[in-house]
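Here is the structure we will look at.
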Amino acid sequence: MIPLADDAITRDDKALILAYDHGLEHGPVDFADVPASADPETVFDVATHDAVTALAVQKGIAEAYYPSYEDDITLLAKLNGTSNMWMGEPDSAVNWSVENAAELGADAIGFTLYGGSNNEVEMAEEFRQAQEAARDHDMGVVMWSYPRGQGLKNDTSASTIAYASRLGLELGADITKIKYPGSADAMKWACDVAGKSKVVMSGGSKASDRDFLETVETAMNAGASGLAVGRNVFQRENPTALLDGLEQVIFEDKTTEEALSVMSSTETDRVDATSD
Amino acid sequence: MIPLADDAITRDDKALILAYDHGLEHGPVDFADVPASADPETVFDVATHDAVTALAVQKGIAEAYYPSYEDDITLLAKLNGTSNMWMGEPDSAVNWSVENAAELGADAIGFTLYGGSNNEVEMAEEFRQAQEAARDHDMGVVMWSYPRGQGLKNDTSASTIAYASRLGLELGADITKIKYPGSADAMKWACDVAGKSKVVMSGGSKASDRDFLETVETAMNAGASGLAVGRNVFQRENPTALLDGLEQVIFEDKTTEEALSVMSSTETDRVDATSD
Amino acid sequence: MIPLADDAITRDDKALILAYDHGLEHGPVDFADVPASADPETVFDVATHDAVTALAVQKGIAEAYYPSYEDDITLLAKLNGTSNMWMGEPDSAVNWSVENAAELGADAIGFTLYGGSNNEVEMAEEFRQAQEAARDHDMGVVMWSYPRGQGLKNDTSASTIAYASRLGLELGADITKIKYPGSADAMKWACDVAGKSKVVMSGGSKASDRDFLETVETAMNAGASGLAVGRNVFQRENPTALLDGLEQVIFEDKTTEEALSVMSSTETDRVDATSD
Amino acid sequence: MIPLADDAITRDDKALILAYDHGLEHGPVDFADVPASADPETVFDVATHDAVTALAVQKGIAEAYYPSYEDDITLLAKLNGTSNMWMGEPDSAVNWSVENAAELGADAIGFTLYGGSNNEVEMAEEFRQAQEAARDHDMGVVMWSYPRGQGLKNDTSASTIAYASRLGLELGADITKIKYPGSADAMKWACDVAGKSKVVMSGGSKASDRDFLETVETAMNAGASGLAVGRNVFQRENPTALLDGLEQVIFEDKTTEEALSVMSSTETDRVDATSD
Amino acid sequence: MIPLADDAITRDDKALILAYDHGLEHGPVDFADVPASADPETVFDVATHDAVTALAVQKGIAEAYYPSYEDDITLLAKLNGTSNMWMGEPDSAVNWSVENAAELGADAIGFTLYGGSNNEVEMAEEFRQAQEAARDHDMGVVMWSYPRGQGLKNDTSASTIAYASRLGLELGADITKIKYPGSADAMKWACDVAGKSKVVMSGGSKASDRDFLETVETAMNAGASGLAVGRNVFQRENPTALLDGLEQVIFEDKTTEEALSVMSSTETDRVDATSD
C-alpha cells in the first residue's frame, strides 16, 4: 500500500498533465479548427516537452502510439470516458482495465467521477475497483471530479468545486482535477479542503496566453499543484512556447510577466535558429 | 469465525467512536463554521484522546493520514458513503474493500444501511459481503442503521429506531449506531432488542456541553454501550474537555454533574499550565 | 451430490422447525405482546425441546447465540430476509452465504421464494446458487414458498398453494414450507404434487391449543411432514406444553385429543414438581 | 470443442424428447385432468420407452428421481424456467448450473430463449454461458426457441418460426425446438434455414392419435429431426401405444397409417398377453 | 500486448471481410431472394476466394461449418448480435466468449458498438473485456461502429461517421467498420481521424457492379483499408466475378474500369472453360 503514489507523474510535487481524450468525449469536430490535432502523433510530440509530467489518453491511442514514445512520455491511462452522442444522465464507460494499462506501461490512472449524477454510486464503486487495483500496481491515481447531473443546479459554484476536490481526498485520489471556480478565494477553498491530496486546474476554453497564464498563476498561488490541459495547449499555433511559459509559472514560481518574457525570448531564439 | 469481534474498538465493552466522513457525506460546507475541522490532522489529533476507542474515516483520508497516527489511533474503516449532491432514493456507494482496509491496518469496518429505502435489498447484500469478509479478517463490524426512504414516514419514532438496532443484531453487526429516539424508554427498547450486540448513539446536532452529556448519560442508563460522534466533538472550541467529560459518563459511570466538574477542573488545570 | 439431504433436520422423516426471524421481517413490534420473546436466549431455550428438529434464524442471531447451544440445537440458516419498512414489490436480501453458514455449524439452509413477484426470476437464481452450494456442503434445503406480488390475486387459493409446494420440488428443495390452504383437500393436493420432497405447514397466526393442534393433525393426515412455527410456540405462556402436544401429533401419530391429554398431564407433572 | 455434440440424445440423428417441466411452467393445474401425471415416477416410467431419446426435467425433479432411472433414461437438464404466476415481459430464471447438471449425470442441456422479448439480450447471454459450459462437458445443447414479447405481433407466422430455428443455428444449439408453424412449407423453411443443426417440433395441445401422428409425419417429411413432447404423450390413457406409433414415424420412416396399424397390433398383443 | 494485431485478417494492410450474420440480425427473410444464401456452405465456399481476408460469423455457424474450411478461410468471430424481433433501444447480446472463439480457431474478433444508444456505456464495457481478452490471445479486433439510438438524429452525417471511426481508434480496435458517409470528403475525414487504426467501409444495400466498385474505389482513395461486405457479394449471381473485381480495386490499386475488364475476361474464361 503506497498512499499518494504520484511521484511518477509530478516534478517537485507539481503536475502538468496534457489530456487528449477529446476524440472520445467530443468527437472529431473538436479537431476541426486545428486539423493536425486529430493526429495523435502531433500531440505526442507536444507531450515530449519537459514541462509535461504526464499525457492522458484512452487505451486505443496508447496501444497505437505510446510504444514509440515510451522513453519520452509518462503515460496516464484515462480509464473511463464516453461519447457525447449519448444524451442520458452523466455516466462514463470503463474502457480500460488497470491490469492492461499497467502492462502497456502506464504510471498512473485517470478516472472521471460525476458527483451528483444518478450514476454517482455506480461510478464511485467503479472508481474504488480502479483505485485499489492501481495501488496494487504502485500507480498514481488522478480523479477528474466533475459534479454534474439532475441533482445539481450550478456546477461551478465555489461550494460545488470545493466538494469536487474533497471527493478526491475522501475517495483516494492522489491528484484531483477540478474546474477553475472563478476566483482565487474559491480556488483556495477547494485546495484547502483537499488536504494532503493535490489539486490541478482543468484547462477550460481557449484563452489568450496572458489570460491563461494569469489564471494558472492565480490557481498556483491559491494552492493548486498544477494544471491538466488539452486544447489550450495542443491547438495553439505554438504549443511549445506556451509550455515554456507554463513551466515558469508552475514549476519555477514565476509570475505571468516573467513567463511571457521567457516565452518571447524562446520564440526569438527559435526564429533566429530557423533563420540561420 | 469470531462473533462479536469488537474488542479492538471498545474498552470495557464501551465505545466512543469519533466519526469524520462529513467531507464526503455533506461536503466542505460542513466545515465552514470551524474551518480547521476541514483539515484531517486536526481531527486525527483529537482522536488520540484516550477516551476515543476508534476513528471512522473513508479510504482516502485513511491512506493519507492514518500511517502517521497508527500507534495512537484505532482505525474504523467506513466502507460506504455518498455525496449529498445526489438526490435519489437513499443509497451509498461501497468505496472501500475490506481487504484494502485490512491492509491499511483497520481494526473494524463501518457500513451504512438505509432500511426502508428502495435500495435496502442491495445495501443489505453489500453489507453481507463486507461483514463476512470482516469476519475472515477478525475485524469488528459497526452498522450505521438509518431507516430512510420512500417506504418510511417517521424515521425517529421509537419503533423505527428499535427496528434499526434489531437489524444490526439480525444481520451480524457487533455494534449498531442509531439515532437517539427522543426518550429514555424508547432508547431502552432499542437497546433491549439488540440482544448481545451493542448499541451506540449518534451524536446528532450541536448542543451545549450539559445537554449533550445528559443525553449521553440517559442513553447509557438505557443500555447503550457508548457514542459515535462527529461535529459535536471536533467542532467544539475545546474538544479535549468534552472528551474528558464523555469519558466520565461513558467509561466511568459518572453523572453529567460529575463529568462537568471534571471538565472544568481539567480546563482550569490547563489554563494554569498555559499561564505558567 | 446428495439429493433430499434433510436427515439432519428431520426425525423419522418428520420435521418441527422453530422459526425466529421476526425481528428482521416484522421488527421488534412483533415481540411487544411478549417482550421476553425479543431475547434470542428465550427462544433458543425453547428450541432445545426434543420435538424441535431445527431452529431457523438469521446470521447475526446465529453468530451471537448459537455457539452456546450447538450441542442441543440443530441450526437452520435462514439465508435471505428483508425488513417490512421497505414497501416495494416483494423481494428478499441474501444476508448470509452458504459457506459462512456451514462454518458456523448450520446443517441446512432456508430460503424464501416469492413466486409471482416481479423479483421471482432474480430470487430463483439466487436460490439456485444457494441450493447448489448447500449440496456441496451436504446441507439440507428448505424453501419458504410464498407466492406474492403484483401478478397474484389470491395467495392462499388451493391452486396457488399447490403451485407453491410444486416449486419446491421442481427447484430442488428437500422441504417446502407453505401456508395452510384452508382445507384438508387443498392441503392433500399440495402434498401430493410435491412428490418425494416434503411439505411443512407454516404456523400462521395465533390460535388456541386445540385449534392449532387440529390444523396440524389435518395437515399431517393430508400428507404433510410437519410444521414450521414461530410465535404460535415461542409467544405462548407455556411453549413446552404445546411442543409436547405437537410432538404427539407430528411424530407419534396421535390425535389432537390424545395430544391434549398428554399436555395436561405434563403440565400437572410440572405443577406437582414445582409444588414439591 | 465438439460441435453438434448431440449423439447422446439422438438415435440415427433423430430425437424424441419427452419434456416434463409443466409443474414449474404452468403449475399443478396442468396435471388436474390426469392426476397421476403429477407424480414424476409415472412420467419417468413412460420415458423408459425405447423411442424416447431423452427426458427433459428441472433440477429438483432430476435430483429426486433420476438416480433410480439412470440406467434406462437419458437426462436432458432443462436449465431455465419460470412460474406463470409472474406476469411480466417474458423471461426465465436459470435454475440449474451446467456443472451441477453434469455431476447429476445429464447428457445434454435445454434452454429457453424468448426472442423478441425485452429480456432477449440477457437471455442470449445466459444461453452463451450455458452453451459454452456444455461444450466443456461434452454435453448436447437444445434450445427451446420461442419468440415472444412486446416486440412481436404474431409468434407462429412462418417467418417468425423460421427465425426461431435460425437462432438455434446462429447461437450454437445442436437441436432447436420450435412450434409447428401450421403448414408443411413453413416447416420446411424453418428446417432449411437451420442448416446442419436439427429441428424438433414441439408437441402442442392435445390431439387425436391420427391427427398428432400426421402432423409429426408432415414435420419429418419437411426436414424435422423429431419431436419434443409432453402432455400429448404422458397424459394419454396409453402413452406406450402412442410412443410405439411415434417410433414408427420418427425413426422408421413409416406413414401415419402404418404407425397406427403397429399401434393397434401392439395394443392387441398386450390385450392378448393380459388375457392369457 | 500486441497493438494493431490485425495481420491475420489483412493482406498488404488491406482487408476484405465477408460478413454473414444476417440470419441472426435480420432473420431468414434476408435470404428469401436468394434462398441458397441461407445455407452457410454456399457462403463459406464464396469465402474461399483469395480476395477474402476473413469471414465473420456467429458462434453457432462457426461451430458447425468452420472445421471443414479451416485451411481455406480465416475466421473472424463476430461476438455480439441480436435479432431484430426485439424493438428496444439498440443493444446487442454477447453470444460468444473470446476464449471459446480462440479455441475454435478464430484469428480475430468482431464487435458491434452502438454509439449514442442508451446502452453505449454497457456495450463499451463489454467491448473492453472482449478487446483485452483478444489481446491476450493475439487476436485482431474489428469494431462494427454504428452510431444509433435516441440520442442520435442523423446517423450517416459526416461528423457522426467520423466520430464512429474515431471511436474505433480511441477504444482499441485495429479495424473499424463504418457506413459510407456519402462523399469522398466525408470518407476522407473518417479515415484521417482513425489515425493508425484501419477503416473499412460496410457493403450497404445492393448496387450494380459498376456503382459498387466505384464507391469502393472512392473509399480506398479516401484512405479506407478495404471493405466488409455481405449480401452485395454472396447474393450476387456470380460472387466470384465481383470478388475478382474487388480484389483489383482493393489490393491491386486498380480503377473501376480496370476491375470491370478483369471481371469480364474472367467470366469469358470461365464461359470458355465451360463450353470446352
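Letters A, B, C, D and E mark the chains as written, and numbering starts fresh at 1 in each.
The rule we apply is simple: contacts are C-beta pairs under 8 Å (C-beta built on N, C-alpha and C of every residue); 3 or more make two chains touch, one makes a residue touch a chain.
In this text the structure is predicted, and so the values were computed from the model without any measurement.
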Validating interface symmetry: for the copies chain B and chain C, is the fraction of residue numbers used by both over half? Same or different. different
Suppose each chain is reduced to the average of its Cα coordinates; what separation in Å results between chain C and chain E? 60
Would you kindly tell me how far, in whole Å, the mean C-alpha position of chain E lies from that of chain D? 37
Where chain D touches two or more other chains at once, the residues are none
Which label fits the chain touch graph of this model best, line, ring, star, complete or other? ring
Using the touch rule from the top, order the ring's chains starting at chain C and going via chain D. C, D, E, A, B
Which of the residues in chain E end up touching chain D in this complex? 21, 23-24, 27-29, 31, 35, 38-41, 58-61, 63-65, 67, 81-83, 85-88, 91-97, 100, 103-104
Show me the residue ranges of chain B that touch chain C in the complex, using the header's touch definition. 1, 3-4, 115-118, 120-122, 124-125, 127-128, 131-132, 135, 147, 149-152, 159-160, 162-163, 166-173, 189, 192-193, 195-197
